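Listed next: structures, encoded as structure tokens.
Both complexes shown next keep subunit A, but they swap its partner, so subunit B is in the first and subunit C is in the second.
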Partner chain A sequence: MIKGISLFINTYKLNFKKNRIAELNLAVVVKLEPDLSAGSISYNPDGTLNRSKTKNTLGPHSKIATQAAFYAKVKYGAKICVGSMSGHAANNALQIAMETCDADVLHLYNDPSFAGADTIGTAEVLRKGVEKMEGTMEKKMDIVFSGHRATDGETGQTGPQIAWKLGLTFLGNVISYDVDLEKRTVTAKRLLILRGVPEIIQEIEAPLPVFIAIDPSYKYHFNTVSLRLSAEKYKKEAYEKAQNYQQYIHTFNREELGAEKTLIGLVGSPTIVYNVQRVPKGKAIRNAKVLDGSNPEHIRQTVTAIKEALSAMVIK
Partner chain B sequence: MEKYDVAIIGGGSSGLAALKQLSALGKQAILLEAGSIIGSKSISGGILYSKKLKKGKVTNVEDLYENFLDDAPFERKITKYILHSTSKDKIFSMDLTAAHDYQANFGCSVLMNKLNSWFAKQATETSQKFGGGIIPGVHVKSITWNDKGRAIIHTDEIDAFEVKAIIAADGVNSEVAEMVGARSKFTSEQLYQGVKVLIKLPEKIINERFGITSSEGAAHLFAGDITLNHIGGGFLYTNHDTLSIGAVYHFDSLLKNPVEPYTLIDTLLRNPMVSELIKDTVPITKILDKTLSQEEQLKTRFDIAKLIKDWNDIRGKYLTSACEDPDSVKAKLDSIEEQMTQKFGITFGINHVESEYGAKLIPDGKRCRMEKPFFKNILFVGDAAGRGIFIGPRIEGLNVGIDDGARAAIAVARALDKDDFSESYLGEYYSQLIDESPYTTDMKQIDKDYLKIFLDAAKDVPSDIIGSGYGPILKLMSSNTFRGLVIKFANILGYDKLLPLIETENTYVKVPIQLAERLGKITSTSYHPKDTSIGERISKLSYNDDHLSHIKLLDTNNEFMKKIVVLCPAKCYAEEGEKIILQHEGCLDCGTCSQKTEWRHPRGEKGIHYKYG
Partner chain C sequence: MTEGDYRHVYVVIEHIDGKLLPVSLEMLGEARRLFDDFNTRYSSKEKVVAVLLGHNIKDLSQTLIEHGADSVVIVDRPELDALINKIHTKVICQICLDVETSAKIEPAYALEFKRPRYMFFAADGIGRHLSSTVLAELDSGLASDVNQLVISDLDISHPIKTGGKHIIYKKTLEMYRVDFSGFLWTTILCLDNINENLSMREYSPQSCNIIPGAFIPKERDPQRKGKVIEFQPKIDENDLKIKVLSQKFVENEIDFDNYKTVVSFGRGIQDAPEKNIKLIEEFAKQLNAQVGISLPIAKNVFTASPAVTSNYMIPSRVIGTSGRKISPMLYIAFGISGAMQHVSGMEDSQFVISVNADENSPVKDVSDIFLKGRMEDVIPLLMEELKNQQITLQVK
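On to the complex of A and B.
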């Protein structure tokens, strides 16, 4: 009997906790990218990537963004919506994303008019997408996450552009974050890298809502047994949900998103790629000589060479 | 500080059994595992037995996991058990299937990564109902006690927390046992070192080569010249579509005559019988045309990689019993082979395909069982308590650990009911349960029926081979009337006094060589495997390297460490002048060097990550 009551109280506590904190709404924007691992990639005869034969997967940076969202799911019981713009109806990126962060809703933005978009054309679709998510979840987003960059684009522009379009505070290169639910603020650590200066970690506090572009070095950390246990529970739930991920997908075309034709796709993209050039190979200026470490004569030569080099150096 | 009822340290089959049993009894328990996922640190030979023992009841794997036989990803039920004596190309084989079947419901080959994650899934489902569960990626650093006698667990990864009782299932190199002072490190006389390679081979080829069906399996043991004069032997177990091949030798015999563990494996692989069993067809690629542009070379390399991957997948599919439409799969396979040869000049040759190399220390249960398997409110189970069974070809460890785990869970549940975790209430009771275990009593008494199986198997062996020492005793034992008497006398002497007589080079090396030479059949093979270098083996493994070493050298200039240079299965040690140096990257966390070093398990998620185990 006593056990029964205590079990009841525990369940009640858990529910209470969840109800109190289910106020955090998160969006993650992700990208389906070519799987660059050996055996999955395929090339055209001219040496360019054969996109139809190459397998696709959730981009590695997008995956880190979904992991960041999972942190809030476990710690604050957040609701997560993952959205992606893609020409593929069967989008396994959304499946992987769902399995990674235990998403509640999946959005796929799919329309022929989206094709040929550069970063700003893409940002417009995703901005509309985030607004659509807010409609679906009947609540404004508190944090929107994106990856640092795409592996097949490498610009790292889309995230900041969505933030700008949505009017959100942009936090880039975030390596860890926490939310104060009562004050409704986020504190985040950002990794700054400047040439010639050791790593700088900047800690900032910002009022919600914010847009976070997550740093590639981000790794969530749960520091108590209870958080670890609930992380394991969410992981299990996520795995099961992801098996039937298709039933969680809402697909939207341009009209449904209410995106303006002139701002999206090829038309909405000011970038024109008129030529792609290889990075020219630098001329080797070193005069390398192969030496055998077991040969004493070679070692002597090396020592002499090092001595000469050192004596020529001017140390200020 | 967070508080929980029970913590189980170590997510091997024994710790998981404790978790499953505790949750079946309605108790809250959390299990801490250092690996990033359950099973990633586990490695075994391995055969998992389910026993029906005359002397008492044990908790078998299918008692804990009711759906084990229907759903668990074990490999094959072993239906053939054969001991081979080897001398060069001559092999004398003795069928010991009767010994394998003796008091057994079944014995199946297993790969621990897959199996332990299945156990974990089952245990998680029940443990979550009571607020417990499994936490991977956490390494226990120390244990302290508060003034109420509750244990506080400190880890590298999460905040300290309080528990009422602990079940230590952290394996042969139990840090828990060492840090609290429950026992000292096992010595070389108490240990075996085992190394194993996993060899890929399609299911249908295994069936054909071993004369079995897909629901059957074979186990082969080896003694004789393949031991390179050590006490122990080799094994080969059939899995579903792989072979587990390993070498297990007594640590003190390795110290006496140090030989690289991988050399011992290579020696076994070079035995003509083994070579013939492991060979397979493999694609051989041509050296790339270096005159092509770098882009072109890269593209070709990618195309070849993709084709070979497809070829492996489709061939594997074709050579399984589950292949539904063999004709169309064969047609696909043929077309890929044609592309491979015509487009890229790939040819097909014979080789063997190693997919994983691993090593582990194994406690010799005859010599290292913890007399007192508890300390304060900590109970020790399985390998951590030194409880493997090695009596001749009777090799059991997993089943013993599972039974121990269940017994520890019963003792802890009883203590939780009374809220008494004292040594006298919890520890002594667990100790009593362990003493009652047939796995304990079996190690104290020689079973005359079990012995008879060997005598029957060896009845045609001329007594002069066995040697003048054993001859008369064997003769006496072959007679039904005298066997009882001899065994009674042997039991009075006890295993302690008998072991030095039985476990000798004579038994494992000289007699088998004699048997093979005098009675063996010549075995020939067309395939002579080239040795795989240790570098190649290590490069195939997955690691999450830690920049901090989990091993600290204490004395860099002693005889033991010089031998470790040879005996480390991952070749982490080297001699530099008079001194021994260590490079911890590539370490298999086996503990071979632990006796004379400051040795810890790597921090959570770090170190080796076995894919098969």
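On to the complex of A and C.
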């Protein structure tokens, strides 16, 4: 029994030691977004988001991307750098990201000239950011992670555009992945949702380096006790580091990043928002009978309609 | 810029297992309608060009022509059988910049052609990423999730684009998209920088990805004639190291198709998410209904127990443009305002009942019965009355 335990501890130590050698270099690009959770979000009376009253936090998809990086840190050993382009100097997104993935380095890209960029102007800054991380860490990235899309912009274009600018193979909608350190390849499962056919799961293999945009349904799972133990260890370390996250932040302006003026911000953005209007009230496609939910007779009518609808007796 | 520099609309076609996805014909239909009008208005002869990549797909060309394409640029190669973003991006960009192909599409402007004028992709699991990488390579603008398109000459004054001067941008594609709240409709334009003090730059093609279901295909015309142009791409050996190991269809996690009734909920749960969802769960059970949600619910906006969150606040229950399109016999919406994205997923339901405290909610316009009230008050009453009327219902 005692022998068993000591063997277990030794294996754990060995695994942990093995994991301490940084085998992979990982980057995660994240976004500070309006916090859409209850209590933090504020809507205008017309249903649009009240941005001045809504708090900001690490975007939920960005958070999943940092979880995906944490998986590799625990399983393969990795150095992680998290970067964010933001006008907010006090970027609590970076703190949450650090706590989630036990990041080693935090990057903040902040310059007035970055403002107003569309996706391609943003992708240019973050591409320069990833190159800067490679400089800081003195090694090329093996995997760059991003979220699926931002909850406030929702285009999902920035990730693939950073990948393309960096010359990395882009894998989107990744629901799980593993790395073969010897072959230096990644195997990923991707979820493809297309209108008109059932969902598709594609399994793809690609040589490193790659760019992974993580699917919202991604969840990591550690299937051995030793991995779960090292995950706990890293989490503790991450929590402690994140208390003093500001000392890990390196801030870069445009010049320090070496970003070309004409490729970033408003100047480097092909698109503009020309007009914003309320969604026009469509022509009513049905003529609703308006009933009062507190009137028992109206409740009766509604249930009768349910009955008729289900016996297909409603003539429309 | 000369008349010949930028021409035509290129539509990137999607297909799976030898069958065209519906969005492909929808995009072609819209391109055809826009260009019939465009060519009349501008006395022009620009073309609708379908770009078709894959393996053993030659049979699809004729269908594309019959549904509105003037030309089909086809690349039929085993390397293009699998959906690999990097390879497809490079081939599409080669087609866009190929002067010989443009000469075959329209010999008159063969010497001037630089790039396509407009480009359409689908806003789905393939087209979203493909459009992003293609436009990163072509270095031009992309609008996403577009559901309306207009081509017009616009008088623009913009601090960066025009340096504050008024300039008429001809043949500009107005790309309309609904923002994440579902209440604002934004028009995106892709414009050249014509600002002598700051930057001079042409951006082409003006591009977008288009929401499936937003446009209607043209009816098939078996008499329609068009050109089929075979393109020989250069494929980088290194890219062939990216391999698709398997690709299979999976049943959707949530089955909507086999239920007569779908009961959905939205932001109206906000006062007591956990309690309200449990109430809805019970009500759905009584009606043998499947449960759907509106998009905000899947975004971790509301706090509830892990059991409720993991079962109900998940993307696979979302009804609408970001989720499923359904058409049950009966659709009951609790606390859903009726944003355009949601409506597009449920408007084909046979009978619609909505329960909402706000009588001005747009959901009223897509309902047969609008029951005014808060769900927490109304659901118990409905359940009681269902019991009284002894409605027994079958799944399927």
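Following the convention adopted for this analysis, the second predicted complex is superposed on the first by the 242 of 316 C-alpha atoms of A that agree within 3 Å, B and C clash if a C-alpha of one lies under 4 Å from a C-alpha of the other, contacts with A are read in each partner's own complex, and residues count from 1 in each chain.
One rule holds for everything that comes next: a contact is a pair of C-beta atoms (placed from the backbone, for glycine too) under 8 Å apart; a residue touches a chain by one contact, two chains touch by 3 or more.
Owing to the predicted nature of the structure, the values given are computational and were not obtained by experimental measurement.
Chemist: Contact-wise, after the overlay, does A:E138 reach subunit B, subunit C, both or neither (first, second, both, neither)?
Modeler: neither
Chemist: Does subunit B (first) or subunit C (second) touch A:E182, or do both, or does neither?
Modeler: Touch partners of A:E182: none, neither subunit B nor subunit C.
Chemist: Name the contact category of A:I200: first (subunit B only), second (subunit C only), both, or neither.
Modeler: It touches subunit C, and subunit B stays clear.
Chemist: Per the contact definition in the header, classify A:E297: touching subunit B only (first), subunit C only (second), both, or neither.
Modeler: After superposition on chain A, A:E297 lies in contact with neither partner.
Chemist: In this superposed model, does subunit C or subunit B come into contact with more residues of subunit A?
Modeler: C
Chemist: For A:E232, decide between first (touching subunit B), second (touching subunit C), both and neither.
Modeler: So A:E232 only meets subunit B here.
Chemist: Output the subunit A positions appearing in both contact lists, the one against subunit B and the one against subunit C.
Modeler: 38, 41, 43, 47
Chemist: Within the complex, which stretch of subunit A touches subunit B?
Modeler: So the residues of subunit A in touch with subunit B come to 10, 38-43, 47, 221-226, 228-229, 232-233, 236.
Chemist: Sort out for me which residues of subunit B touch subunit A in the complex.
Modeler: Contact set of subunit B toward subunit A: 2, 4, 30, 124, 128, 131-136, 138, 157-159, 161, 295-296, 299, 302-303, 305-306, 308-310.
Chemist: Show me the residue ranges of subunit C that touch subunit A in the complex, using the header's touch definition.
Modeler: Listed in rising order, the residues of subunit C that touch subunit A are 14, 16, 21-23, 83-86, 89, 124-126, 128-129, 131-133, 135-137, 139-145, 154, 156, 158-161, 174, 178-191, 193, 198-199, 201, 203, 212-213, 241-252, 260-261, 270, 273, 287, 296, 298-303, 314-315, 325, 329-330, 332, 337, 339-340, 343, 347, 350-355, 359, 362, 364-374, 377-378, 381-382, 385-386, 388-389, 391, 393.
Chemist: So in the complex, the part of subunit A that touches subunit C is made up of which residues?
Modeler: 36-38, 41, 43, 46-49, 60, 118-120, 123, 151-161, 163-165, 169-173, 187, 191-207, 213, 216-217, 262, 266-267, 269-294, 296, 298-307, 309-310, 312, 314, 316
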